[in-house]
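Next up: the structures, one after another.
In the two complexes that follow, subunit A is the common piece, with subunit B as its partner first and subunit C second.
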Partner chain A sequence: MWAVFELQWVRLKRNPFLVLSFLGLTFVFVFLLAGSQADQKMTVHTFTDQLSEPQMAEWLDLLNDSDTLTFQQSDREDVVDLIEAGRISFGLHVDEEQFHYLVGHQSHYQIAVDQHVQRVFQETLRIRQVAEQTGITDIQGRVEEALEQPLMSIDVDALKGDASQADAERFHVVIGMTLYFAIYTILITISSIIIQKRDGTWNRLILSPVKKTKIYLGHLFYCFLIGFLQIVVSFALFHYLLGYDFGDQFGAIVLVLIVYVFSIVALGMFLMGLIQSPQQLDAVNPIVATGMAMLGGAFWPIDLISNQMMIALSRVMPIFHGMEGLKGAILFDQGITELLQPLSILLLMGVLFMGIGINLMERDTKI
Partner chain B sequence: MWNIIKKDLLIIARDRAELLVLLLMPFILISILGFALGGLISGNQTMPDINVALVEEDQSETGFADFTAHLQTLELPEGAVEELEASVTLIDPIEMVKELFENPEVSDAIEIFEMNRAEAEEALAEDEVAAMVTIPSGYTFATLEKMFLETGDGSELELLIQDFGQVRANVIKNMLESFVTSINLEMALAEVTEGESSQSSNDRGVLGDSEYLSTREPVTAFQYYTIGMAVMFALYVAGTISSNATLEKETKVFDRLMLTGQSPLNYLTGKMISTIFISVIQLGILFSLSTVIFQTFAGESFFFWLGVGFIIFVFSLSIGAIAALLTSISLRYNSYSVSGVFSGGVVTIFAFLGGSFTQVEQISPIIRVLGNWTPNGASMTLYMQLLQGVGWNSMSQIVIRLLGTTVLLFILAIGLFPKRRSV
Partner chain C sequence: MLEVEGLKKKFKTNVAVNEVNLYLDKGESVGLLGPNGAGKSTTISMISTLIKPTAGKVRYQGKNILKDPNSIRPILGVVPQEIALYELLSAYENVKFFGKIYGLKGKQLEQKIDQVLELVGLQDRKKDLVKTYSGGMKRRINIAVALLHEPEILIMDEPTVGIDPQSRSYILDMVRKLNQEKGMTVLYTSHYMEEVERLCDRVYIMDHGQIIASGTKEELKSILSSEETVLIEVDQTSSAMLDALNELTAIQQVTEAPKGYKLIVSKGANVLADVFSLAETMDIKITSAHVEVPTLEDVFLHLTGRKLRD
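Then we have the complex of A and B:
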């Protein structure tokens, strides 16, 4: 096994282009991803047609009382330009006692923004209405004072730790995209088996006294390491360089990664069994990786999905369980015992794929 | 020239499985998308019903009884007790919470299950409900005490969710929060105005409706992701076709071609044209099938489809140029790795920059600007503009940029083409 494993490294030394460029791309990818997340607050471009400067400033002041949203003054033309250029999907239009959204395309962020804006408007308009009725001028300040001892409050608690919503969203994107990216690396690395088969080196290996299981193990262990290292390097960059806090559950994170990468390697073997040429693999890889990431919820929050069949399908995607496990360990500080479910599902998937995959490949070589 | 193009198309046509994957798989992904974002297709952004467990550990009757008993212990002036007792019966704090969930707008999206604490905790852990709202014992009393006597710390509702990352849980959280805020506000107003603030007449009508850029409907989330996936998958065509070049080199087809005196320009043009051909067909299938089956772009005018056709063509040109460039690099380094790295890494990064994966709000402005320089990002912007009915003037700029990139990439491809003696 170790000889075959070593062979892979010799190959890598001779032709390091693939692995090196993936390493380089991983760096690019990590920094782009972090760059895209740098602004933790979402900016809402706000404009008005009728209000005067101070009136508008007052609204912006009220609206900007938020942890997750920033309302930035703009004018109608700029907002239209931004929407047309596809840079934002909607803008907020504030008027005397009314607001509207200027919508270019629908986005689920509008729902979150609307909840906040509705609240601010209803509150402010109500206070103004009462001020008019009663003629009390400094009502705003006095109401705020009275609100310091509210009648009712809510005590919000979560079963799994106290990671904030913003953190959860950030990590969802980072984890999802990293796991997605790793699928490509693993599938492409594993495709070297197909090329070896075609070149005939595979047959020579089989003829040698090395046991077949050992040949497979040597190859797969190498693919495993490449995929594993890619994710570890990405996470390390995020953690040490970009200030993402991955928590203290290093053991659990590493274990989830191990079983996740194993299941993807196994999936790769399964695909190898079905595919004949590197060209086909080129066409199939993106479908498998992207389809799986879509179904598994790497691109959008899975709980937005209502279709029962889709929910069932998402549960068969390794990436779903990989993300569950990693989110549990990173965000919710769960240890290995609490993550047994995703861990064992991933392991089971890996074993299944591997079994079927190797069987398919062996059937191929006999013919 | 024609022979070379014919050769390229024949090579592609020979591998049926690959061709099928190339042409139809994007559509399968779009179908996944269609089912996954099913609720979003129809245009009204509905979410699945959210199940909420309501745990009542307090009873109105005991709350009232406690409160009246408490009133007796206070040394209040004559008649004040009776007056308070009378006004208290008008308000039922528990009922107020229940009314919140029975409100038709809310009950459309939320389903309430009354349970006891143990059941609710189990249901939450089992993911049968997304949140658990508890009315703790003493809630009625605390509310009444604060409301009428302005003593005590006020009441507290308890909300338990699974984790803060869940969209569903945050919907419930926001809803409860705005309920509590509005009650607190009314209470504060009554306090400040000494009861002068009558219940709001609320005749302001609907706040926050949507207006659109033109007479057109806004772009739906499904349309957005369909276009995002379409432009992403077209990029893979370049990867697949250029990997054929490596195959040709291995089977010495390439050497023989060069011996017959074919110019690099011809060879690359052949690759480019066959790529354009495949990518036009692929995008055409994708757009038309998704309209026929999912009504993605149903009811659009002839002019719209003309625009779609034009963008497909311009975009395919740039993909052709990418294929030519990849071919040159592959021939130079004689390895499948080039197309592999492109398909696996570069496309993913391009697609991310271009906005295929995430909606624009999640992406910082700088990234968006970068994204508009990628062929897929630029085309995506063009499609969005077309869907929004933006005039030709603002589109032409991006079209010119796209064409410029195409020319540049092709020149680069010719420059990198391996020189004769290195062949």
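Then we have the complex of A and C:
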């Protein structure tokens, strides 16, 4: 078995291009998708006619307490220029106790911006009013202090813990893309069995004293490791290069990955059993990988879909359970016991696919 | 040592091999001869336990190998018709890998690798990737891989297809040496008559999935012993001569040949005297005449009415 296993690495070393390119693609896609989402934090050009520097800075500070908006100080002339050039649709004009917009053309962003700005203004002005009436200058600080040490607190936990929406989206892309491209790598790696069956080297293996189960194990273990490593390496790169925080549930993440990769390897065996000619592989691999990733919700959250059939379909895709497991561990800090459901479903799928797959593969050659 | 009995393989409706019986004795070199699609490869695959027969038995030392394939696999060396090598690996790495899975290790493995690479004459190119090899070199490595574990029985499926005459001659000499010096039993499949004539003691002729003749080369040729082929060359051919030759009762068949005629005659009939006197009366000079010894090609032609290769 180890000779067979070792051989696969030598072959990979001679032709690493394909596997490396899938790792590369994972990055490209995450950059494109996650990158563009990060850019959606909108910049609002803000200027003033009357306020002093520190006053303006205070307003900007208050306004910038937002996940989605950035308020950036500008001059009136600059804003007018930008609007005239069509680069921005509006600018925010802030003065003592009032604000308004300099509008080039209507934009739906303006509504969102306006809501935010109104809220900030109302709150701040109310606090100032109270401060004037009571003579307490540091109302803001006191309110915050009081909130930090509340007499009575009401915890409002979101159903699934504490991940912010933006975090969830960022990770959805990273996890989805990584798992998606891992399917590719695994299917392509496993198709080497079919190719060897065609070129006759498989027969040579069969004729050797090495048991057939060990020949399969050598190949499958290699496929498993390649898939696993690809995911681990890509997560590691996301962590160290792009600062993604994968949380503390290291054991749970690894375990989910193990059963996920196992289920995909098994799925690969099943597919190889169905197809018998290597020519079909080139068509089947992308269809299966992409189809599964779409249906399984790797590209967009399955929560967005309301069609019952689509939802049911997503549940039979290993990638769906892989994503659930990883999101649970990474975003919601769930441990192994809390992830038993996706773990056991993936394991079950793996065992089923593997069993059927091997039987299909050997249906002609049973001897 | 190895017996095949009533072997049959059906692919859906196509009967590729039908009721084949054959045997191999220890140390023999046996040819399996037949045109494209005769069922040679299918027969060999069944003997080497790679595909399951529809019916029939293969016995090695009295034991049915279909029940226990592992009783024969380790002593078989199979050279497949298609090159079965890892193209991205060097010759050395290919041979080494297949040696390893046969349980060879360390010094012994290195020694064996040296030996077979020497034998197939590829020592100097052993570090090159197989994909950079010529057809003939690939063929030779294809054989080397099957020899590493010193099999008792070497089964070769058209090992010389599509290569230059030198490589071919090299391979044939090599197989002959293995058979005669190492006592390896050889089952050699081919549709080249000359190869089988040169290499094999006994021959099976196969066509349409069936063995249509078998025996030693001499036995097979004696199928043709009731007839002889006489080739004559003349200084000028004429249709009158052709007609006159056809008139002679001792001659069964006359066909035109380059610069003369090909005569099929009953064995023992002394036609040459008649032919010479006929030529003299027609004022034609016979420049050469000789009696041909039949080849296996003729045997095949006789048995099937077709040429072995078209």
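Note that in this section the second predicted complex is superposed on the first by the 224 of 367 C-alpha atoms of A that agree within 3 Å, B and C clash if a C-alpha of one lies under 4 Å from a C-alpha of the other, contacts with A are read in each partner's own complex, and residues count from 1 in each chain.
In this section, contacts are C-beta pairs under 8 Å (C-beta built on N, C-alpha and C of every residue); 3 or more make two chains touch, one makes a residue touch a chain.
In this text, all values refer to a predicted model and were calculated from it rather than measured experimentally.
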Fill in the blank from the handout: The chain contacting more residues of subunit A, comparing subunit B with subunit C, is B
Practice task
Check whether A:Pro209 is in contact with subunit B, with subunit C, with both or with neither, and answer first, second, both or neither.
Solution key: second
Exercise for the section: Mind working out whether A:Gln133 is in touch with subunit B, subunit C, both or neither, as first, second, both or neither? Expected result: first
Exercise for the section: For A:Asn15, select first, second, both or neither according to whether it touches subunit B, subunit C, the two together, or no partner. Expected result: both
Practice task
Could you look at A:Phe99 and tell me whether it touches subunit B, subunit C, both or neither (first, second, both, neither)?
Solution key: first
Exercise for the section: State whether A:Gly200 touches subunit B only (first), subunit C only (second), both chains, or neither. Expected result: second
Exercise for the section: Pick one for A:Ser277: touches subunit B only (first), subunit C only (second), both, or neither. Expected result: first
Practice task
Determine, under the contact definition given at the top, whether A:Ile88 touches first (subunit B), second (subunit C), both, or neither.
Solution key: first
Exercise for the section: Using the superposition on chain A described above, determine whether A:Asn359 touches subunit B (first), subunit C (second), both, or neither. Expected result: neither
Exercise for the section: Considering only touches as defined above, state whether A:Leu7 meets subunit B (first), subunit C (second), both or neither. Expected result: second
Practice task
Check subunit A for residues that touch subunit B in one structure and subunit C in the other, and list them.
Solution key: 15
Fill in the blank from the handout: As the complex stands, subunit C meets subunit A at residues 48-52, 66, 69-70, 73-74, 76, 78, 80, 82-86, 88-89, 93, 97-98, 100-103, 129, 145
Problem - Partner subunit A, residues of subunit B touching it in the complex - result: 15, 17-18, 21-22, 25, 28-29, 32-33, 35-40, 43, 45-48, 124-125, 130, 143, 146-147, 153-170, 173-174, 176-178, 180-189, 191-193, 196-198, 200, 204, 207-213, 218-221, 223-224, 229, 232-233, 236, 239-240, 243-244, 247, 333, 335-341, 343-349, 352-353, 355, 357-368, 372, 380-381, 384-385, 387-388, 390, 394
Practice task
Give every residue of subunit A touching subunit B within the complex, in rising order.
Solution key: 15, 17-18, 21-22, 25, 28-29, 32-33, 35-39, 42, 80, 83-90, 93, 97-112, 114-115, 117-119, 121-123, 125-127, 129-130, 133-134, 136, 139, 142-143, 146-147, 149-165, 167-169, 171-173, 177, 180-181, 184-185, 187-188, 191, 195, 276-280, 282-287, 290-291, 294-295, 299-301, 303-307, 309-310, 327, 331-332
Exercise for the section: Going by the contact rule at the top, pick out the subunit A residues touching subunit C in the complex. Expected result: 3-4, 7, 10-11, 14-15, 199-201, 203-210, 364-367
